[in-house]
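Dumping the structure here so I can ask a few things about it.
When the chains are written out, they are named A, B, C and D in that same order, and each has its own residue count from 1.
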Amino acid sequence: MVGIGIVGAGRMGQLHAVNFAGHTAKSRVVAVADENPELAGRLAGQYGAAAFGKYQDLIEDDRVDALCICTPVFTHKEISLAALAAGKHVLCEKPLALTLDDALAIHQAAEKAGVVFQVAFMRRFDEAFVTAKEKIKAGTIGRPVFVRSTGRDPGLPPVPGWGSDPDACGDISFELCSHDYDSIQWLLDSDIKSVFARAGILSSVEVAKSCGGKMINDTLVVTAEFENGALGSIDGLLNIKYGYDARVEVVGDEGIIMIGNVRHLDVITGKADKHMTYPAAPSFTDRFVHAYVTEARHFVDCILEGRKPVVGSLEGLKAVQVALAVNDSIKKGSVAQVK
Amino acid sequence: MVGIGIVGAGRMGQLHAVNFAGHTAKSRVVAVADENPELAGRLAGQYGAAAFGKYQDLIEDDRVDALCICTPVFTHKEISLAALAAGKHVLCEKPLALTLDDALAIHQAAEKAGVVFQVAFMRRFDEAFVTAKEKIKAGTIGRPVFVRSTGRDPGLPPVPGWGSDPDACGDISFELCSHDYDSIQWLLDSDIKSVFARAGILSSVEVAKSCGGKMINDTLVVTAEFENGALGSIDGLLNIKYGYDARVEVVGDEGIIMIGNVRHLDVITGKADKHMTYPAAPSFTDRFVHAYVTEARHFVDCILEGRKPVVGSLEGLKAVQVALAVNDSIKKGSVAQVK
Amino acid sequence: MVGIGIVGAGRMGQLHAVNFAGHTAKSRVVAVADENPELAGRLAGQYGAAAFGKYQDLIEDDRVDALCICTPVFTHKEISLAALAAGKHVLCEKPLALTLDDALAIHQAAEKAGVVFQVAFMRRFDEAFVTAKEKIKAGTIGRPVFVRSTGRDPGLPPVPGWGSDPDACGDISFELCSHDYDSIQWLLDSDIKSVFARAGILSSVEVAKSCGGKMINDTLVVTAEFENGALGSIDGLLNIKYGYDARVEVVGDEGIIMIGNVRHLDVITGKADKHMTYPAAPSFTDRFVHAYVTEARHFVDCILEGRKPVVGSLEGLKAVQVALAVNDSIKKGSVAQVK
Amino acid sequence: MVGIGIVGAGRMGQLHAVNFAGHTAKSRVVAVADENPELAGRLAGQYGAAAFGKYQDLIEDDRVDALCICTPVFTHKEISLAALAAGKHVLCEKPLALTLDDALAIHQAAEKAGVVFQVAFMRRFDEAFVTAKEKIKAGTIGRPVFVRSTGRDPGLPPVPGWGSDPDACGDISFELCSHDYDSIQWLLDSDIKSVFARAGILSSVEVAKSCGGKMINDTLVVTAEFENGALGSIDGLLNIKYGYDARVEVVGDEGIIMIGNVRHLDVITGKADKHMTYPAAPSFTDRFVHAYVTEARHFVDCILEGRKPVVGSLEGLKAVQVALAVNDSIKKGSVAQVK
């Protein structure tokens, strides 16, 4: 039985808590830390866990075997390093960090600590993504030459809030598209070498006005070149209303694999307007509900069985490198190398 | 160049006229006959054709090589026999007739006349149906063991009117489901031997009241047994609002083929209600718009090349036999043999 | 924490054990009983549970709060009654029983015992089915007039074996289509009044020969009339190779709802043969993998919170009544009333 | 009746000839010109048309009311100008020209001539594209902010041949993606202002070797910025084997419209490998078979009714401008302005 300490009792903390507490038999939520004592208390209360105001208290708690870090990205380094120093396993929300230095520091500490360090790229556990990865690896489509990744969120992170403040969240490149960077490098088994990116506030003009224009970009288009010569195209869109939409197409020299679907449930309704209607996923938590459960189980299994997670600090670091290059390219208006 | 005479200037007459006049280079609409002189005149006027009040005048017109019979089913025998006696080719709307005697009389006259006699089962020319037929014939699904045919129309034939009067139109079994009888006998390459059927007025209760209850049934469910041992299930529904819906599934001992889709166009719209929407076919003329064109071309080509059409009087007769057995089964509440 | 005793360590026992042991935090598998000591031992061993040869030993074990009955249907009454008499909660696999007397006896005992008695109609917990039920209830499609239920299994129950012996399993009507009977009565909120059914061995002719012809029918077509006047059509097919296929369409006087899809995962592959390919569900355990987890959690929650399950002995009894009428109709070749 | 002269008796000439001769009643193919007398003779023979070796002879033929120009792009200017000077109507295959000067010269001549000059962007006549355009115009998705256009061809233009020679065909930007440039400028009702593009030979490495490397790029990724501020992403791929694939997604600040589908026909086959299979369009002629017919009819109707076609020389010019900017961006590795 693995004792989980949730750091950050917001949306992601609540989601992970449900899975660690209720959807796996081998873990328990034993502690919750949040600067907001009410949030910490409420979440802890649901699972009979201890509530703390500081993550340090949680690290010092012997019942806590592993931390699930669900705080803003700019806190990841401090908390990860403290946890690793105390020998705790870590499941860290994405993105890993906002700077190369921070990401490297975490990665090196994780490697050294010899515990389980997993980054919460939940697409790695989605059955469709996993099946596609296997098929690509098996040569079904030949050699991959092009990948298209679509990542769209119907809403915006809370405005105002750190998640919509480009400086605090790393802009849309970090906040939304880290998932795409990780998935396509994984699917193609090759790293992104250079990028060209354009971004703008297009669908949220009114919202941006309301916060003086200092807002996350809601539209991002990236052209990526991979080490293996393949080309990629990513579109990341926020505030597009219709649903959470994560789809990837990988084209090889012998065929194609298409992953995902806007359709969330196989329930189609038809009415006298002569149109058929089906639900899109309202949010990423709906789209990836089962992937999050599998992710939690994988983390627990890796801890109990001494295994390395399929997506660790190195993959977190690589996504940070691409996210930085994308922001660099946006700023200078030309191609940026991934370092 | 084949001169076409349209008999019956209503909905079907108009549809066929467009195709013979505008969508094939080898035929012209040279005459239109309708008891309603205004309808005849209007349709004839569009194509520079002669307008007649009686079909006999049209048959006597030398410019008319072929009749396209689009009048109510109870007139098919008289007009067909007269046309065949005059050596005219015939494209006859479905169903062929309402009684076995009438259908047989037409079939025998057609066989004897040695001209082209085609029945307007347009599904025979739909690309999806044709492709499926070829696959079944090629053994793709092994030996067919079950077929399910869904035929649904969003509306009702005009009420009052002959098409909604069960005595005049042969009820839903003739009016709607002849298409299903013909398609599945064709797809399975086997005739239906016996049927069990249930029918009722379920979705049009208010409409039925308005015409004193003497109305076509709007719901029909048929279980069919084929000569080759396969079983079949047909549902024919009228007034179901959401669109014209024609789908067939053929299951064999090695697989399945599914034909058709409620989706009419590949245009999907998503909005803030988190639902995606696509159009269904508003009517059979939309669903089978291309099949009707191919049907017209096939008829013209058969005339010009002296070929036998792929769906003739025999197939029309066989569908009548099933339609009769279905009505018989509904009446007596038990299994009826197809004679 | 609810202590679960699994009775029957075969396929279904193993499936439920995984869910009770691993996918909910509030239950444990504490005991397994199977006449085959090796099977019992192996399954029990996975969860650190006690292994028994007789279900009676399991009932006498104080750690066991609830029984999950996964034995052949003809044992359900004896085990259920014994468990209920001992005050144990019961999750009983479908169908509930093979005779009206047995089903009634179980239902009455369950009502009297005042514990949780749930029947394993897992479709009740499938997100698509549940969403559709809510929409129908909310009036989205108006008044239901027709329902079509498709239940198809790619394989056959083991031959020889009780599951393929029509006398031991109740034939395809009980073995496969109980799910359909339950779902459509639930979706339409109306009971089936009468049925007409045809069945045969069509896709498994060779297999049937190998066991002397005494084999479960592999094809069943049912026409159902509901108390509320609606009509229904069910096709249940075994050994159809292509995948597990459970789809339902409910047509109302204002629209339609379509539930389910042959597509199992959103992974589409295209190759040089110019065809696109996607996976069907290999078996019902894949198709309903998440529904089974939700079912297990519902059972545990009902026990812990003293609630009545959404699908209990009454629903199990009703499905048995329809299954009996269907078999009756097949035998006599005419309509049978549901009693 | 419009007399059509086909210039160029290759693949496109044959396709247009079928439509003008057989699928509209108001036009005839009266002449065919091709430098290859055998090709010209064979095509002309099918329609009882005159065969010529030079387009000039065809222009001088009085029976020819309109030219359908299906020769290589580098001949478009000369033939168009000669035809327009002779007062002939023109349907010109895409792209209009390879240089801005040529495109401008054609456009100006067309404007001056006052006849019908239509460019063969057949997507403008595809029912799905047209429906989507209407919905966007009606405000269904709010203000468009992003468009993604996918244009993929399963094969390569003949190698060796002018269509695979980047200098002769304008590379993939002209040869394949002109369609995308035109469609998205039309759908968004805004011109593309600047582009960033990457291209390469990725799926055809072996073929390229066989012709010494001087071959059309098979992969093109374009980021586009529109005058109205929207962003766009285009992927154009050749030799991707699985089928002809033309899909567009337009995202607005209130929703999305998705156009097209890899599925070509609604025929789904399932087999014992537990996979379902449906056909992709083998080529653009299959994907747009009905659009090409509508295009031909539109051209003929515009001539007969003295109307301006919905897609003329100006639209052809605009697509050339984007195609040039894309090639410019590829060459210099940075953003290029559309002039």
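The rule we apply is simple: contacts are C-beta pairs under 8 Å (C-beta built on N, C-alpha and C of every residue); 3 or more make two chains touch, one makes a residue touch a chain.
Here is each chain with its UniProt name: A, B, C, D = Myo-inositol 2-dehydrogenase.
Source: prediction; values computed, not measured.
Among the remaining chains, those touching chain B as well as chain D are A, C.
Look at the CA centroids: the one farthest from the centroid of chain B belongs to A. By number of C-beta pairs in contact, A-C leads when A-C and A-B are compared.
Our note on geometry: chain A versus chain B, Cα centroid distance of 55 Å, whole angstroms. In whole angstrom, the spacing between the mean C-alpha positions of chain B and chain C is 41. Centroid to centroid, with C-alpha atoms defining each point, chain A and chain C lie 38 Å apart. The set of chain A residues that touch two or more partner chains comprises 241-242, 254-256, 258, 262, 268, 270-272, 279.
Interface residues of chain A facing chain B in the complex, by the touch rule stated above, are 154, 241-243, 262-263, 268, 270-272, 274-282.
Here chain C touches chain A in the complex through residues 21-26, 28, 127-128, 131-132, 135, 140-141, 254-261, 263, 265-272, 279, 290, 297, going by the rule given at the top.
Those residues of chain A that touch chain D in the complex are listed here as 145-146, 148, 150, 152, 196, 198, 200, 202-205, 218-219, 221, 223, 225, 229-233, 235, 237, 239-242, 251-256, 258, 262, 333-335.
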